[in-house]
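So the structure is just underneath, and the comments pick up after that.
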Amino acid sequence: MELGMIGLGRMGGNMAERLRRGGHTVIGYDRDPKISDVGSMEELVQRLPKPRAVWVMVPAGEPTRQTVHSLGEILEPGDVIVDGGNSHYLDDRRHAEELAAKGIGFVDVGVSGGVWGLQNGYALMVGGDDAHVKQLMPIFESLKPEGEYGFVHSGPAGAGHFAKMVHNGIEYGMMQAFAEGYELLKASDVVHNVPETFRSWQEGTVIQSWLLELLNRALEEDPNLERIRGRADDSGEGRWTVQAAVDHAVPLPAISASLFARFASRQDDSPAMKVVAALRKQFGGHPVEPVA
Amino acid sequence: MELGMIGLGRMGGNMAERLRRGGHTVIGYDRDPKISDVGSMEELVQRLPKPRAVWVMVPAGEPTRQTVHSLGEILEPGDVIVDGGNSHYLDDRRHAEELAAKGIGFVDVGVSGGVWGLQNGYALMVGGDDAHVKQLMPIFESLKPEGEYGFVHSGPAGAGHFAKMVHNGIEYGMMQAFAEGYELLKASDVVHNVPETFRSWQEGTVIQSWLLELLNRALEEDPNLERIRGRADDSGEGRWTVQAAVDHAVPLPAISASLFARFASRQDDSPAMKVVAALRKQFGGHPVEPVA
Amino acid sequence: MELGMIGLGRMGGNMAERLRRGGHTVIGYDRDPKISDVGSMEELVQRLPKPRAVWVMVPAGEPTRQTVHSLGEILEPGDVIVDGGNSHYLDDRRHAEELAAKGIGFVDVGVSGGVWGLQNGYALMVGGDDAHVKQLMPIFESLKPEGEYGFVHSGPAGAGHFAKMVHNGIEYGMMQAFAEGYELLKASDVVHNVPETFRSWQEGTVIQSWLLELLNRALEEDPNLERIRGRADDSGEGRWTVQAAVDHAVPLPAISASLFARFASRQDDSPAMKVVAALRKQFGGHPVEPVA
Amino acid sequence: MELGMIGLGRMGGNMAERLRRGGHTVIGYDRDPKISDVGSMEELVQRLPKPRAVWVMVPAGEPTRQTVHSLGEILEPGDVIVDGGNSHYLDDRRHAEELAAKGIGFVDVGVSGGVWGLQNGYALMVGGDDAHVKQLMPIFESLKPEGEYGFVHSGPAGAGHFAKMVHNGIEYGMMQAFAEGYELLKASDVVHNVPETFRSWQEGTVIQSWLLELLNRALEEDPNLERIRGRADDSGEGRWTVQAAVDHAVPLPAISASLFARFASRQDDSPAMKVVAALRKQFGGHPVEPVA
C-alpha cells in the first residue's frame, strides 16, 4: 500500500527501506531536504491516495506532538496517523481523542528492533481501534519479523506505547541483572575466565537470551570492557515505567534500582554521599576525603 | 568411561540416564535400595576401576559435606570426587584442600538444566585443577548440550559453584524484571491483551529469552495465573549471591531486590509494615487495621 | 491579624484554634454548616479587612484547585491566598501565575505536626514572594513551634510544598529503616528483649529521634504489635518524591524501597510473585501453591 | 570497682577516662607502652582483685579473637571478660561457650556514642548471663548516659553486638534517607535555601533527630558540602546486618540500598555500568564513552 513517512532518521529511514523492500510505496518527508521526497508535509498529504496513512517517526515529546497536531490540520476524515516514536501513552490518548473529533484515526506503535530491525524485522506493539489497525495491517506485516511473533494489537490508543514502555522497563531490569552478575564475577578472585563463563551460558542455562548473546559479542571485542566507561544513559521509557508504577501503586524494586544505577553512573560526585560522609565525620570523627 | 554416581534423585537419576545414553557405565548408589545399584558406598568404590571418578549429587550442605568426607576416607590417591550439587564455593575450597592432602582430586560442577537437562543437555560450570578436569572431560562432553556452548572450566576449586551461583543471581534478577513488568501491565487498564503482548515479544525484541518462552508457556496454560499463589521460594544460591556481593563490596541492588521480594511474598503479615503502620498512627492519627 | 480559614477539618480546625490562642481573629468556612462561622466563601471574603489573607486547608488535588480558583474570582488585588494543604508543587506554580495576573498573592505552606501540632506548634515550610510571606509572618509566628526552628521560607511559589514533599520522603526512609531493623530483631532468636532494646536507644545513640520515641510509645501499648496489621497506606507525597527524583535523574533507592514496601503490604496476592512462581515451576519443576 | 581495660585507643581511652571520673579504678593495657599502665596482659591480670573484670576494646575480628583467647588462658574461674568492640555476634557465642568451659564469664557490649560518649555517656547494649551482667553493673552505670535510657541487657551472649549491629543498620537507612532528600532538594531548582530548610526541620517535624542536628552542624560549616567528596566507607556492621537479614529471610530493601550506595560511591568506574553501556551500544547503536 502507500504510506507517508515523516522523519527519515536512522529509525524512520530504515523502516521506509524495509517497507519498500516489502513492496510498498513510501513517500518520505524530512526537514532535511537532501533525504526528503517532498518539500512539505502538505505536499506529502496531497500525493497520497485517500484514505491516507501517515507514519510519524520523529523525536518523542514536543516534535511528535507538533507533527501530529499539524497533520491533524491538513488530513481529512478517514485518514489515519501512526505514531511510531517513543511517545508517552498519555499523549497517545490525547491525540486519539482530538483526532477522533475530526474523524481522523490514530494508532500508536511501540517499535523494538534498533539497528537490527532492517534485517530481522521490527517487533511492533500496537494501540488503537480495530478498524484502523486492520487498515494498516499490510504495513505491519512487512515491518514485523517473519514467523508468528513480533506483532501484537495490545489494546486501544496508548496500549502500544504502554506495552513498549513496559518492554523497556523489563529490558532495564535484565540488563542490570547481567551487569551485577558481571561485576560480582570480576570483583571476586574465584572465577578466572569471566568471558568464557558468560559465553558458556548461551546454551542449557536459564538465562540464555539475546541480551546474553550481545554481551558475549561485546566481551569478544573487549574482554575486560576496558575501552568503555561505566556510564549509561537512559532514554525516558525507563523513567516512565517507574512513574507509571508509582501511579498504579505497583512495587517495582528491581527496575527502579536499574534506573537509579544509571543515574548514579553519570555523576562525577554524589551529593547524597557527601551527606553520608559528612554525617560519619560528625558523629564518629571518621575522616572525609576532600574534593580534589 | 566408568563413573560412580551417589544420589539418584531427580537430578542425579536423569544425569545418570543421559550418561548411559552417551555410552558411559554408571554405577549408582542411593540410600533408597530400590533404585540403588549397590548396597553401600564402599561397594560402589570397589566396583569402579582405578583411577576412580565419583560424582556426588546429594542435597547441598551437610549431606554433601558428609558424603565427600566419607568418600575421602575410602578412595585412594589418583581418584577424583566431583561435587555436582549446589554447594557453597567456600565448601569446595575446603574439600579440595582436605582431599589434596590425601592425593585425591576434587572438582566442583555447577549444573543448570533442571527438568530439561535430560533431553537438551546440562550447562556445566566447572572448578578444579586442569588435570582433574581433563580426566573427566568424557563425562562433561556427554552431559553438556550439543554445540559450542554449555561448558566452561571457570577456574580452580570453587569456581564452578561460584559461577553457577552468579548465574542463579542473574536469573533472579531477570525473573523479577519479567514479574514487575507483568504486574504493571496487569495493574494498568491500558493494555487489554497481556498474554498476547508477552507472546509477541518472543521475536524482534531486546528481551527475547528462554525465560520469556517459559512465561508464555505458563500464560498459555493459565492466562491470568489465577491458579498460582504469588509465593516464591528461594533455593539458597540467591542468598549466597547477595552475601558474596556484600563480602566483595559489590552493589547488587536489583538482584537483592529480587531476593527480598521472594522473602516478602512468603509472609502472612509483615513485622516491618506493622512498625510503619504503628508510626503513622502515632504521629498522624492514621487508622491501623486490626489483626483479624 | 485577621485570617480567613477555609476547611475546618482536623488540621484546619486545630490550626484555627492555635491561631486564636495566639490572639488572631480567624473566620472559618467549612462545607459543614455546624462548624462554619459563615455561610459561604463570599461572606467570608466580605467580612475580612483588606488586604485579605485566606488560608485554604482542604484536601489536596481537585478540592484545593477548585477552592483556589473560586477564591481568585472573588478576592481583590493585594489580597493573598495561602495553600496550607498537601498540594503538588507544580499546582502551586500554576496558581501563583494565574493569581499574579490578577494582582493576588499566593503562598504555599507545607505543614508538619499532625495531631501534635496544636500543642507543640506546626513546622512550616513556605514558598512565595518575600512581600507576601512578610505580610503573613504574624500568622506563621503563632503557628510555628517556639524557639528558633520550625519555620523556613524555602523559595518562590512551590518551594514550600516541595520542601514538605522531600521531608515526607525522608520520613518514609527513616520509618522503613526502623521497620526493617525491628523485623530483623524479631526474626532472629538472638535479642530477647526487643521493646527494651528499642527503648534504650533513646539516649546516647546515633538513631535517637522523635520517630524512635513514637515507636517506643507504640511498643509500650502493644509490645509485639500483635494488634496491628502490617499494612501501610501512603499519602501521595512519597509517590511525588519518587516521581520528582526520576524527573531530576536523582537516585532514590532507599526512599523508593520504602514506598514500594507499602504498596506490597497492601496486596493480598502479588501478581509479580505469581510470575516468579510460575517460572520456577516451568524450568525447575518446583511446586506452586494453588490459590485457596 | 576495679576494671582492666585492654586497648586504650580513642574509644578505650575515653571510656577509661569516663570510668575514672565515675570513681572506678581502671588499669589499662595497650601495645603502645607510652599510654599503657602495665607492661603486659599478665601484669594487668595480676594487679586486679578477684573476681577480675577485664574489658577488651581492641579492633574487631582477629585482634579481638586473639585477645579474648589469650585472656582465657590467664584468667581464672569467676573472672569475666567484656568484649566492648564491634565483634560479630557469632564470635561472641563461640567465646562465651569456650570460656564457660573454664568457668570464666563473657559479656558482649555494643557501644554507641563515638566522639560524644566521653561527655554524654555511651549507649550500651549488653549480651550475657544475668549473673555476669549484674557483676558489671557499676561499670555500666558509669558509662551510660544519665537518665533512664541508654542501657539494655538484650539477651544472652551475642545479643549485645546483634542489637548494636541492627542499630547501625537502622543508622545506615536513616542517613541514606537524609542523603537522598538532600540530593533531591539540590537537584531541583525549586528550593533555594537548602541549609535553612534542613535547619528549620529541627522542631515540629516528623524527622527531628540527632542525625538531623549533625547534618545541620555540617551544613553550617560548609553550606554546599563543597569540601567533602561524596565517598562513604562502611564499617562492617552494615554488611553484617544485610547478611544476617539474608540468613533470616528478612526483606531489608532500604538498609541494603544504603549499603550498596556506599559501595558504589567508592568506585572510580563501575564494572556493572560498563556492561549496561556495552549492551546499549550492541542493540541500539548508542554511543559509549571511552575510558579517558
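Going by the order they are written in, the chains are A, B, C and D; count residues from 1 in each one.
The working rule: a contact is a pair of C-beta atoms (placed from the backbone, for glycine too) under 8 Å apart; a residue touches a chain by one contact, two chains touch by 3 or more.
Going by UniProt, the chains are A, B, C, D = Decarboxylating 6-phosphogluconate dehydrogenase.
Since we're looking at a predicted model, the values are computed, not measured.
Trainee: Spelling it out: a chain qualifies if it touches chain B and also touches chain C; which chains qualify?
Mentor: Touching chain B and chain C alike, sorted by label: A, D.
Trainee: With chain centres set to the mean of the C-alpha atoms, which chain is at the far end from chain D?
Mentor: Ranked by distance of C-alpha centres from chain D, the top chain is A.
Trainee: Report the inter-centroid distance (CA atoms only) between chain A and chain C in whole Å.
Mentor: Computed value for the inter-centroid distance: 36 Å.
Trainee: Centre to centre, by mean C-alpha position, how many angstrom separate chain A and chain D?
Mentor: Between these chains, centre-to-centre, one finds 46 Å.
Trainee: How far is the middle of chain C from the middle of chain D, if each middle is the mean of its Cα atoms, in Å?
Mentor: Using C-alpha averages as centres, the distance is 33 Å.
Trainee: For chain D, which residues are shared contacts with two or more other chains?
Mentor: Residue numbers touching two or more other chains: 114, 176, 178, 180, 183, 187, 206, 210-211, 249-253, 257, 260-261, 264, 272, 283.
Trainee: What part of chain D is in contact with chain B in the complex they form?
Mentor: 206, 234, 239, 242-243, 246-247, 249-253, 256-257, 259-261, 263-264, 266, 272, 283
Trainee: Spell out the residues on chain A that touch chain D in their complex, using ranges where they run on.
Mentor: 10, 114-116, 175-176, 178-180, 182-183, 186-187, 210-211, 214-215, 217-218, 222, 225-233, 253, 257, 261-262, 264-265, 267, 269-286, 288-292
Trainee: Under the definition above, what is the set of chain D residues touching chain C in their complex?
Mentor: It is residues 89, 112-114, 117, 120-125, 127, 144-145, 147-156, 158-159, 162-163, 166-174, 176-178, 180-181, 183-185, 187-188, 190-193, 196-197, 199-212, 241, 244-245, 248-255, 257-258, 260-261 of chain D that touch chain C.
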